[in-house]
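Next up: some structures, all given as structure tokens.
The same chain A turns up in both complexes below, where it pairs with chain B and then with chain C.
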Partner chain A sequence: MSVLLQTAEATTPMWSALAPAIVLALTGLVLLGIDTVWSDDPNNTVLAGTAAGGSLLAFGITAWFLVAGTGQPQTGGAISLYGESLVVDGMSLFFTLITTIVTAMVAVAAYDYLDGHEHRAEFYSMVLFAATGMATMATANSLATAFVSLELASLPSYALVAYLRKNRGSVEAGLKYLLIGSVSSAVFVFGISLIYAASGSLIFADVASALGSGVSEMTGVVGLGVLMIVGGMAFKTASVPFHFWAPEAYEGAPAPISAFLSSASKAAGFALAFRVFVEAFPLGAIPAGVDWVLAFQVLAVVTMTLGNFAAATQENVKRMLAYSSIGHAGYALIGLAALTAGGPNGDVLGASMAHLLVYGFMNTGAFLFIALVEHWGVGRTFEDYNGLASAAPVAAVAMTVFMFSLAGLPPFGGFLSKYALFYSAIESGFWWLAAVGAVNSALSLFYYSRVVKAMWIEEPSGTFEIQSRPVGLYAAVLFAGLGTLLLLPAFGPVIETAQTVAAALF
Partner chain B sequence: MVPPEYYLLLSAAVFCIGLFGILTRRNALLILMSVELMMNAANINLVAFSYVWGNVTGQTFGLFVMALAAAEVAIGIGIVLVLYRNFDGVDVTEATTMRW
Partner chain C sequence: MIIEALIAVTFLAALVVFVAPDEYAGRLAAALSALPVLGSLWMWAQYDASGNALLGGSIAFETDFVWLTLGSLDLHWFVGVDGISLPLVVLTTILSTLAIISAWTPISERQSQFYGLMLFMEANLLGVFTALDFFAWFVFWEAVLVPMYFLIGVWGGPNRRYAAIKFFVYTNVASLVMFIGFIALVFGLGDSVSSMRLPEIAQALRAGELAGFAGLNAGMLKTVAFVAMFLGFAVKVPVAPLHTWLPDAHVEAPTPVSVMLAGVLLKMGTYALLRFNFTMMPDVATALVVPIAGIAVISVIYGALLALAQQDLKRIVAYSSVSSMGYVILGLVAYTTYGVGGATFQMIAHGLISGLMFMAVGVIYNTTHTRMVGDMSGIADRMPVTAGIFVAGAFGYMGLPLMAGFAGEFFIFKGSFASTVHSGMPLFTAAAMFGIVIVAGYLLFAMQRTLFGPFSFDGDYEITTAPMQDVAPLAVLLLLVIVLGVAPDLFFGMIQDAVNPILTGGGL
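Right after this comes the complex of A and B.
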């Protein structure tokens, strides 16, 4: 497996393939350094600039690697490092791309949101450390690195959710996130220990070959272990049955952190889930009776239905977005639920990855719009949004784009990614998964359009006191809006890249 | 030598005790302790099967799990502290400002 980089880069050491994660970690450390060296409270512009610059640098390197074909078949295949415990390939780069761009948008938006708060340097550095964990999750190739990187992504997130430490909602959200997170990581690590008991290894490929060769008679132990690992993934991706934290954490957390968790953290969870189940428990090698595809089919259907129905009953816009985020986890789960032992698996997995990329833009944008509204001190319910378009037309146009794109209406990026996802599910023979997804999408239009209707059609109940036009928040929201729109013409190359790198896994 | 099945039974028992604690306790600190029990149940498996399989992968990973469990408690205690300051107690059922 271990292949050197191609001749042109033969002088670069192997570990340089991990450059995006290294840049993110170093930026986090630099932020802590600035906080230590700076005499008083560090300048917010310097901190936000460093954080955004670091994540944009990581994004640039990742994009360059992806275009140059690092870790892909044309330059010699996946680069595995440190005894195969980390692997850099097209899929890991694709997911690092999502993580880094979301991190950059969140850092820019936090510039205004954190105005007047204490401990800003810690805030930015924890965002960067969590992003490091998410980038590492995409490269994890052993159950050990999977667990360590998952914890590296989770632990700063708990603290970030509870960042507004004098706000009861934020603290409550942090507590619930911590409790459910620690239980699910305990379940996850117990699952890992059961897989180790049955296979004697933690490296994905070795686990697969040990389970495939029938070394072990412990089918029950394997089944229980796989089920517990599914549980750990469900937590990170906010899917049923470990989704309870999501509405609370997203509602209570500072809005940029809600954006970060619901886009980047979810994508990283899927990156890990895709690799674990495709590499460590491949269909066909796994003992009969351990049918994880069936488990994911049930989870996908339940997750999207529950998320969409719960979102339809909400009065609070942020909480509605939280449930819609659960619904979208259900759509992305189709990528695992529609796998077959021999089928064209790369297509559906790639479509799911492309959907997560588009989702990274539109959902981050939507949550950052909420951050903007919170910054202005406008209320949180649908009624409070009445007539908002007259006071802030540009931001309202961006939010309208996000809402229609999330719902999957034709002229936006979200339409194509959902279309590709459902189409490839039908191609793999799971027409009923696509049907459930389409029905749910139609339902979701109801609650997304409620936001649009409130902003543009309803009369305002009072006057808005919007005095400021925060530059950072506006820049981040408009960038996300631009990304959502540009992903419509650019969707062809995106889905092509995603399906190629996904096919390389099988 | 003790048959490996016994280790599985022991670890499953410890895991279930931890899970029972989480489901029945209302004190946030006791819930964190119960999580520790669940993580240590995994460590029993890792160390025992490291011996059975004759490699040190499991033992090494066991050390990682211990370190991460400690890190998790460090964050957890911080959050329990702000919980205490905001809600005048560490009862997890008190913190109900949000409802679906």
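Right after this comes the complex of A and C.
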């Protein structure tokens, strides 16, 4: 087997390392092709099957690469492509893994959700193109490709949020998302230009060496540039201060798209943020006045606290999940906030990546449960959920798993990933960061358990008219639930892989 | 592998019952729950270990492998039993089966979900009493709360939502406090431990390997962690003044759930106190003997006085649990072989007797639909067998010789009276003994008014003898109480063997 792999690696061209992103893009094109050649509205099963199949194929290839060690030290280190503007290494593959599996779940769930809607082919192809952008974000190794891939991920997302074009909420959400997205893109690209002015390069490694060789007269410019790039990242990861699009967009968007944005898109934002700050602005090389770690510490604490307290005051379940998603961005930011020069950085960053993987399952599952509930025509508030468990016990069990796992309660994957994150923060000496995280996590149980309480314990206010058991939505929700459960006993290989590939960055 | 098999079989049974049709879910659950009973009895028969599992003794039915590696600490899947945990495992399996049978009459809605959750809880309880790695233990410890929350919240009385949330919030906050205390200790131990396995941590702590952490020196850290963990576990026990969730939970919970709550869940608290605080940090425990013994005595007396003031039979039994758990704490802090051993024995004895009392109250309630002392009298006239067992159980509670309660309390008093950890221990013991007088007072008073005298009942219900399925579990429990009272050595031998290493050696 290993001999086979080696010969395969020796004979395949370098660009084949980008196979996951290429498969995603091709699937998007195939979907457009189907739409063109099909006489009238294409068959939904064919579309959803193609989209899910393509993303699962990309997932399989990514997993194979990760196991085979593509781009990792044991097979010759990171594979750098196109004049170093793209790089395939363990971290990019790890994040592609998150993007592709979330895309597959969303595609399967959309099969039922889109029943009776127009322009389904466009929907699926835009999801796949956005996923291509996200997979590319994970491989971006220069500020130019970073910006291009970020836009590739964002532009289809704007349209997808506004997909329900006869629904005012959806259109309004799309507009807000577009406006704030444009502003933050502008800020981001301006930051890039400042960094280019100071360092004379866009390639991360060259930026780092230019900053390391001294830019003392340009320190202010570098500082401003870094701050603006932080802003661009905050938009994509839905962190403070560019978080306020998230509740609107997630609430108005079709629920599968909310799942897609809050899981895959957020993870891709973190992939980019991790690489930019670790590779282009390494702690050893940046000028003394540019302390981005401090910025991320402030952002992490503010983001998780604000997300949590806002979530606690919501009456609408989808909006509560949107704020909880902001809170989780705060936890994931610990991966950058607890970095120190010479500390156990690989462990911290890896723990944050592992949390994003577990989050990819539990958060996607939660939003897809919302999709299921919307499909049934049940309302969106906590009260509308009263007694839902008696009408749909199996789906309610899955939702209970997601809620408790998001809250970090032990028998589920979310417990171990949060524990690993806080533990590694303490190991790096940031026990106060871990303490803030732990307290926030404990408080979050309040609003997560409200959903559980409504579903299982409250009496229904009316009768539910649930006739259908949509296969696709059920399959996606149960798959996510199974993943959330199995990530407890199987967390070992996940965290070990994440910490190994993260350590390779430093 | 028998422990893994036991836990896995119970989980699978929970899953099967959860999706089974309502008509025979109760029968199926009882039949399936007999498997862990047989397994635990087999374990008891085959038990051959000696010493304390945490302090270098041999561990029975042990499995140990690395679960995952995180930084410098490995998390293990590490299970096994010693003389302290095996009796609790047996108690858990037997009481679960009996509680499931006692649910046949009162539970009529969403039955498959009810029995599924009961079995799910049993599986996690087995995990709590067998896990020897902190992490695995904590996973099970927290996982017990989830089914309990639903069991109270869905099948409880009129005020069930409040009671369920109160239970959940109290115990979760307590767990967090305890978790932080323990993790601070582990960080304070630094490189002297390489995993979260409890034996490793216990031995390192007793060997004085603790260094400072987060600005605290070793001594301060140890005291702070001890207090944090004590508070965390004390909520579960519960100890006055942290007991206020208990009466609410008991009153609202359906009878079978009360049986599990009083019989097994409260023992999680005392078991954890013994395993963590009193085994790992005997020096701090003996230094804090006055406040701990004080809290114990206050729980005994205050709990009994509260029970005296109640009209609801279930509340009376609930508050008397607070009182009985006070004895356990007193026995633990005495640090004598009879004190700590008696406390462990009392956990088993109280588990059986309080289970019996809750079940008996439940059987009466099934027929009368009231639990108020003033609403009925002379019930013994119509339900002679139930009333007889009720009276026998109450005498067990009061500590009648040749019943398990007597053995437990006698051991504790003997141990704490002779204790040398503090010169005031005889005084504390004497004060706690007054609790027995009050217990006798309220139980006799309640029985006299409800069971005896001329028959009168205000309700619209026909009062007849209880069905066989209600009385059978009561009879089994009574039998066990008497067997353990006549022959305490069925468990006490292995308990003493496991307790003795705690009392000697480093740290004390």
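What we mean here is this: the second predicted complex is superposed on the first by the 496 of 506 C-alpha atoms of A that agree within 3 Å, B and C clash if a C-alpha of one lies under 4 Å from a C-alpha of the other, contacts with A are read in each partner's own complex, and residues count from 1 in each chain.
By our rule, contacts are C-beta pairs under 8 Å (C-beta built on N, C-alpha and C of every residue); 3 or more make two chains touch, one makes a residue touch a chain.
Keep in mind that what you see is a predicted model, and the values were worked out from it rather than measured.
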Partner chain in contact with A:Gly231 - chain B first, chain C second, else both or neither: neither
Between chain B and chain C, more extensive residue contact with chain A: B
Partner chain in contact with A:Glu248 - chain B first, chain C second, else both or neither: first
Partner chain in contact with A:Pro282 - chain B first, chain C second, else both or neither: neither
First, second, both or neither for A:Leu409, with chain B first and chain C second: second
Partner chain(s) touched by A:Gly200 [first = chain B, second = chain C, both, neither]: first
Touching partner for A:Glu172 - first (chain B), second (chain C), both, neither: first
Partner chain in contact with A:Tyr423 - chain B first, chain C second, else both or neither: second
First, second, both or neither for A:Ser390, with chain B first and chain C second: second
Residue ranges of chain C in contact with chain A within the complex: 66-73, 110, 113, 124, 138-143, 146, 150, 153-154, 160-161, 164-165, 168, 172-173, 176, 180, 187, 214
Interface residues, chain A side, partner chain B - complex: 143-144, 147-148, 151, 155, 158-159, 162, 165-166, 168-169, 171-176, 178-179, 182-183, 185-187, 189-190, 192-194, 196-197, 200-202, 221, 247-248, 251-252, 310, 319
Touching residues (chain side chain A, partner chain C) in the complex: 344, 347, 390, 393, 404, 409-411, 415-416, 420, 423-424, 426-427, 431, 438, 442, 445, 449, 453, 456-458, 488-489, 491-492, 495-496
Touching residues on chain B, where the partner in the complex is chain A: 4, 8, 11, 15, 18, 22, 28, 31-32, 35, 38-39, 41-46, 48-49, 52-53, 55, 57-58, 60-61, 64-65, 68, 71-72, 75-76, 78-80, 82-83, 85-87, 92, 95-98, 100
